[in-house]
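Same chain, two partners: subunit A is paired with subunit B first, then with subunit C.
Up next is the complex of A and B:
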């Protein structure tokens, strides 16, 4: 009764139909911008825009919630660490050696927003791009097909391994392995049987996968492949690319020319 | 056909060149496929001549949509996109999966997944299709679907089909020739009739034969006849008109005297659903007496595994409750319950992690904190019971699937729990290993252990298991004796379950007391004096 989560969500939205190379460009440039910008307001706007993007791509609510739920602990932790260890600006509150400062708080929030935005960006790509398109877009960029396959298969097997992990840990607990309530190294040590069984399973699965690939005539040496849906730029793709380049170009220009977005609070410094 | 470790899979891999090209080892002799020597052609080349389908559907599907799955091989062949489109339509409609073109393979049932795997190979139009136990992990519906699809290919598209299977009744129905592989050699080769009649030859190497062949053999011995039956309709034609004699003392037993003992498990109004899904269990109530031997049957997705996982705390009820010896199990952890309730998982590879078979079987006992002397003693006893003692110092991961399965069951039985739960412990086992396992379970049951076993194999239910719970769409349809179950047409229809062949024949022959085994029906077909 597999309840595996697939990354790709079948659909016919404009983002699904956009050429995967355009999406790859979008992801790359946006990730660069997200790393460069340090401004709280810009981060908030990007995060909001990404939600709108997902909404327009008809991403189901629970898939968005999945991202939030998974990253929330990380986001909060990063925010707290940043806030505590990089004090700057006015002190709002102090307790012993810890000081809550306006600067620290802002930077912590920027960091958290950045994490969420990056995840939403990457998932906007993965949720709307089929495996073969994903591989194709990489191949067209000059990456060998086998490498693209490796990436695609890795993504494809994440949910499978999650499910295997659940089953294996259940199987070990049912044999009296008591990991509940244990902490730290003791827990890790007790979980060794689970990890070992995981590795053995993975090897077995990869062996069978290799044979299945061969049975379909796949060979890493052969490069002459066609595709069911060959990539081709539609007029819309040129338009989207042009708009993307224009927006990103402007932002980058502003960033380097006037320091736009490099201050935590002020838009122009 | 052949016993586990007989060389069936090895032969399949040799047919499309994976042996010798992709696997280590040495090869002698040669394999010619349409005149081409596999040693001199690469696997990708041979893939267009010989399509190979494996046992586990999950491991041979690796794309995100059914369409991409089928397209993959064609893309490898370098076909133009328009041709690929046509081939996808063609292949999917041949296996009856055209409607699912845009779906994700993971959401499909076992039978559907296996049919997509077949379509993915078919699309490459190989003239030969080799299937390595394609139905071993499927439920009855899935088996029916796959056999129907494969038979269609042979009859309408003239494909050559080579199928490894333990399903002797299906082989008798569809096969032209049967090869028996044992110890890496072809032990027998002939028509299904030659192979299955008389049945002793291949039974002696641990394989099963159609139940009607066993019946014919029984009748032949008593009457000096020469019946050679392998199919249900043949048996009906040969035997119709015979007045069945039901021995008086074998009339249906009166309902067993109610045991005064208190129930071991009480399940009350149990409802459960996986995150974001329909009810996997819907207000299920069930009482299990100590010392019961209970089969849990139903199609995939009917809630069998979900139900039994509640008995040892792996799943916690959303509503309702589960009492074990009058105590609500919510208060106890899985590991605590493990002392009294053993659970054998469906895939032995999810359980095995130790360096030796001995250590594997000892692991549970050690987890429970038993003294090392007791552990050693208990492990030795269990290994002997499972006839695993020659392998005590072997690495379990290196053993054959059948032996790994045995190790995983032994590892749980060694813990000497009051209850043993098994999730499809016989899938992928040959007849002999299956019978051995069931006999061990019967022995445990006679010692007073409660046995709960999920299974898709109705022959096993009929032969070994006295009572069964029938599940369908998250509900329990019935909990009754096996004999009553196989008389209940409406129930079997609703749960889409098959009768064992012999029970079906008994009903066609209007037996007032349907037999569960060939021996029983044989008795009924003989005059009292003959018997």
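Up next is the complex of A and C:
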């Protein structure tokens, strides 16, 4: 089983061209708002707006469906649990101790919408940003260059180690390791020889990588690090940042001043 | 930071990400799947301490969450797995078997507690919703015991593990 770690979808949309730092600000701002707001209508509008954002960024349908498909079981389970265990407001239907209430149902739906919206927000950033731009933006935001290097190398090596794991697993199974049909702790116990071989192989790769980096003068303190495609803020990026901060500031002010979005149904409580 | 430490941390992040995202472990009770990520996280924390352990667990697990599509849970995963890595490394690194076991238990419980608190309050799932995830998180942390075992076995097969991550010293002959 191999999972694609590089989520970037090539494209030339406005979101692709927006500076990754602006996109990171967008993600931070929206995640805070999504956690604060508890209103069904606001959540629904945000979810719709996020789909429009993905549409404008030319995200293929199957990539949106991938998010929905993954989160649907969690979303439905959490909605049901919230509805059943936290009844409030008018009773719509009752069966034994189970009561379906307007309050419980609304809060459950808010919860499900929040789960989907948070994921769509994060993926709007990751679907439109290359791994190198992502790392560079974090470094430009103040993360030490060495830690940026750590992240870049980790992203580079994940597919390699997935392949190593598959290779070792198949080699061990060809020599009689029988993990098929085993479950839980028993399965993990049988997988230990695969883990040991994979980890030692990874540490050897780490040593070779360190030598290769040193041979190219990476540890030299005298050289200033440069990049092939340096990030630069365009006028549009300044504009988007200003709009984002204005919207965030206004909504935050309204939330704390008038309780905007803190009631499940009413816009102002 | 020495180059060896940079490459070691990167490799550890990748190992955690691979074990979380690409190695399914079927569970007999539910018929579902979980992952052996905690094994790698405990192993790395015990072998290389709280800094490498914390970063590898937090970043590796968060990358895996994103790759699998659980984007909304990635920030909480970062925090929860980070706590496991830091605490297990802080308590169990360079300690005897008792220290390692305590490190595994404390780190594991911290992961479960952070997930529970985060889901119940910040995400708004409530106690019932957060409790639904408890058994699976406890099972994952239970698997972490194999991380302790893995450390002993890898150390036997590859004794150089204790020198990894530090600046190498060269001697002229």
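Here is the rule we use: the second predicted complex is superposed on the first by the 183 of 269 C-alpha atoms of A that agree within 3 Å, B and C clash if a C-alpha of one lies under 4 Å from a C-alpha of the other, contacts with A are read in each partner's own complex, and residues count from 1 in each chain.
One rule holds in what follows: contacts are C-beta pairs under 8 Å (C-beta built on N, C-alpha and C of every residue); 3 or more make two chains touch, one makes a residue touch a chain.
Since this is a predicted model, take the numbers as computed values, not measurements.
Novice: Which one hits more subunit A residues, subunit B or subunit C?
Specialist: C
Novice: So, A:227: does it touch subunit B (first), subunit C (second), both, or neither?
Specialist: first
Novice: So, A:122: does it touch subunit B (first), subunit C (second), both, or neither?
Specialist: Second partner only.
Novice: In the overlaid three-chain picture, which partner chain does A:177 touch, first (subunit B) or second (subunit C), both, or neither?
Specialist: First partner only.
Novice: Once chain A of both complexes is superposed, is A:219 in touch with subunit B (first), subunit C (second), both, or neither?
Specialist: both
Novice: By the touch definition at the top of the document, which applies to A:196: first (subunit B), second (subunit C), both, or neither?
Specialist: both
Novice: Classify the contacts of A:185 with the two partner chains as first (subunit B alone), second (subunit C alone), both, or neither.
Specialist: After superposing on A, A:185 lies in contact with subunit C but is clear of subunit B.
Novice: When the two structures are overlaid on chain A, which partner does A:77 contact: first (subunit B), second (subunit C), both, or neither?
Specialist: second
Novice: On subunit A, which stretch or stretches are contacted by subunit B in one complex as well as by subunit C in the other?
Specialist: On subunit A, the overlap between the subunit B and subunit C contacts is residues 1-4, 7, 153, 156, 160, 192, 196, 200, 205, 209-210, 213-214, 218-219.
Novice: Subunit C touches which residues of subunit A in the complex?
Specialist: 1-5, 7, 31, 35, 38, 66-67, 69-71, 74, 77-78, 81-82, 84-86, 107, 110-111, 114-123, 126, 144, 146, 149-158, 160-162, 165, 182-185, 187-189, 191-192, 195-196, 198-200, 202-203, 205-207, 209-210, 213-214, 218-219
Novice: Touching subunit A in the complex: which residues of subunit B?
Specialist: 13, 16, 18, 22, 42-45, 47-48, 51-54, 56, 58-65, 67-68, 71-81, 84-85, 88, 102-104, 106, 120-121, 124, 274-277, 280, 300-301, 305-306, 309, 312, 314, 333-336, 338-339, 341-343, 345, 347, 349-354, 363-364, 367-368, 397, 411-412, 415
Novice: Residues of subunit A touching subunit B in their complex?
Specialist: 1-4, 6-8, 10, 62, 130-132, 153, 156, 159-160, 164, 167-168, 170-180, 192-194, 196-197, 200-201, 204-205, 208-219, 222, 224-230
Novice: With touch defined as at the start, can you tell me which subunit C residues reach subunit A in the complex?
Specialist: Residues in contact with subunit A: 1-4, 6-11, 13-15, 17-19, 21-28, 36, 39-40, 43, 55, 59-60, 63-64, 66-72, 74-75, 122-129, 132, 139, 142-143, 146, 149-150, 153-154, 157-158, 160-161, 164.
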